[in-house]
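One structure, pasted below without further comment.
Each chain gets a letter, A, B and C, in the order it is written, and its residues are counted from 1.
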Amino acid sequence: MYLARVIGRLVATRRYPGLEGVALQLVQPLDEYGEDMGDTLVAASVVSTGPGDLVHFVDGREGALACPVTFVPVDAAIIGFVEQAYANGVFLGRAEEASA
Amino acid sequence: MFLAQVVGTVVSPVQIPILERQKLLLLRPVGPDGKPSGKTRIGIDRAQAGVGDRVLVIDEGNSGRQIMGDPKGAVKTIVVGIVDYVEAHGVLAYDAQRRD
Amino acid sequence: MLIGKVVGSVVATRKDEKMQNQKLLLVQVHDQQNKPKEQYVVAVDSVGAGLDEMVLYATGSSARQTTLTENKPCDAVIMAVVDSWDLGGDNVYEKWAS
């Protein structure tokens, strides 16, 4: 499970059956200083999140287990909205403040 | 399993049901000597760990689901123990009693 | 999941028998700005994607979570055809743009 920021939304009408109604978001993984860590990816979102939000996501097959239908080809899913995160004494912030 | 340093905490008010009432920690994977190695991640605390602790982390879905007792849980990274000491190449590489 | 563009197809007559009836497409990986990377994957198509379409593909054991690839040797599967995406409110890609 990783910390990340939602940086965009993706629309795909034609998708694997069972994934209807699952939001797809572009996320940028973050390290403990809130800095970008690695490449961006697309994650299925099973909790209500939008661009700018701080979230945590799970990768691998566990991503599919978070979806309403669990037998789906999903390898990353946002599983929680992060209100605040502290690391090394640094406040990584509320999503609204950090994106402003 | 790997060793990690607990570097922070994560507060998530909206998340998938299996994560409710679980403490989330920000983890920095480290080598036996404490040198950072690999990507920062978020883990579920099952060992009453806190910031500054050296911990044992399991990052594999099947094991995670066994620990959480849910065969369909979307969980992966779990803090399973607090490290007392690490011996590497015949020398004491880390000792929780002697940390400064 | 990662974004890619279908740039071709791969045909292999002699292959593991478990891989019969799988349509294999060559996908070039793109970044979030829609810039192509020098990185390609061969993925099984589960949604009927075509040449030049932008797609999403899943990798690892998740790729075997389709009726087409279940219990088959497969580590990448195209699971959606991308219509559009935006980054921080700016539209990056629009399939139906004239």
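Assorted remarks:
Definition applied: a contact is a pair of C-beta atoms (placed from the backbone, for glycine too) under 8 Å apart; a residue touches a chain by one contact, two chains touch by 3 or more.
No experiment lies behind these values; they were computed from the predicted model shown.
Remark: the per-chain Cα centre closest to the mean position of all protein Cα atoms belongs to A. Ranking every chain by how far its Cα centroid lies from the centroid of subunit B, the top place goes to C. Subunit B and subunit C have Cα centroids lying 34 Å from one another.
Annotation: 20 Å between the Cα-based centres of subunit A and subunit B.
The set of subunit A residues that touch two or more partner chains comprises 60-61, 63-64. Along subunit B, no residue makes contact with two or more other chains.
Not a single residue in subunit C touches at least two other chains. Looking at the complex, you find that subunit B touches subunit A at residues 7-16, 19, 24, 26, 28, 39-44, 51, 61, 64, 72-77. Across the complex, subunit A meets subunit C through its residues 7-16, 19, 24, 26, 39-44, 51-52, 60-61, 63-64, 71-76. Residues 1-3, 31-32, 46-48, 56, 58-66, 69, 77, 79-89, 92 of subunit C touch subunit A in their complex. By the touch criterion stated above, subunit A contacts subunit B in their complex at residues 1-3, 29-32, 37-38, 46-48, 56, 58-66, 70, 77, 79-88, 90, 92.
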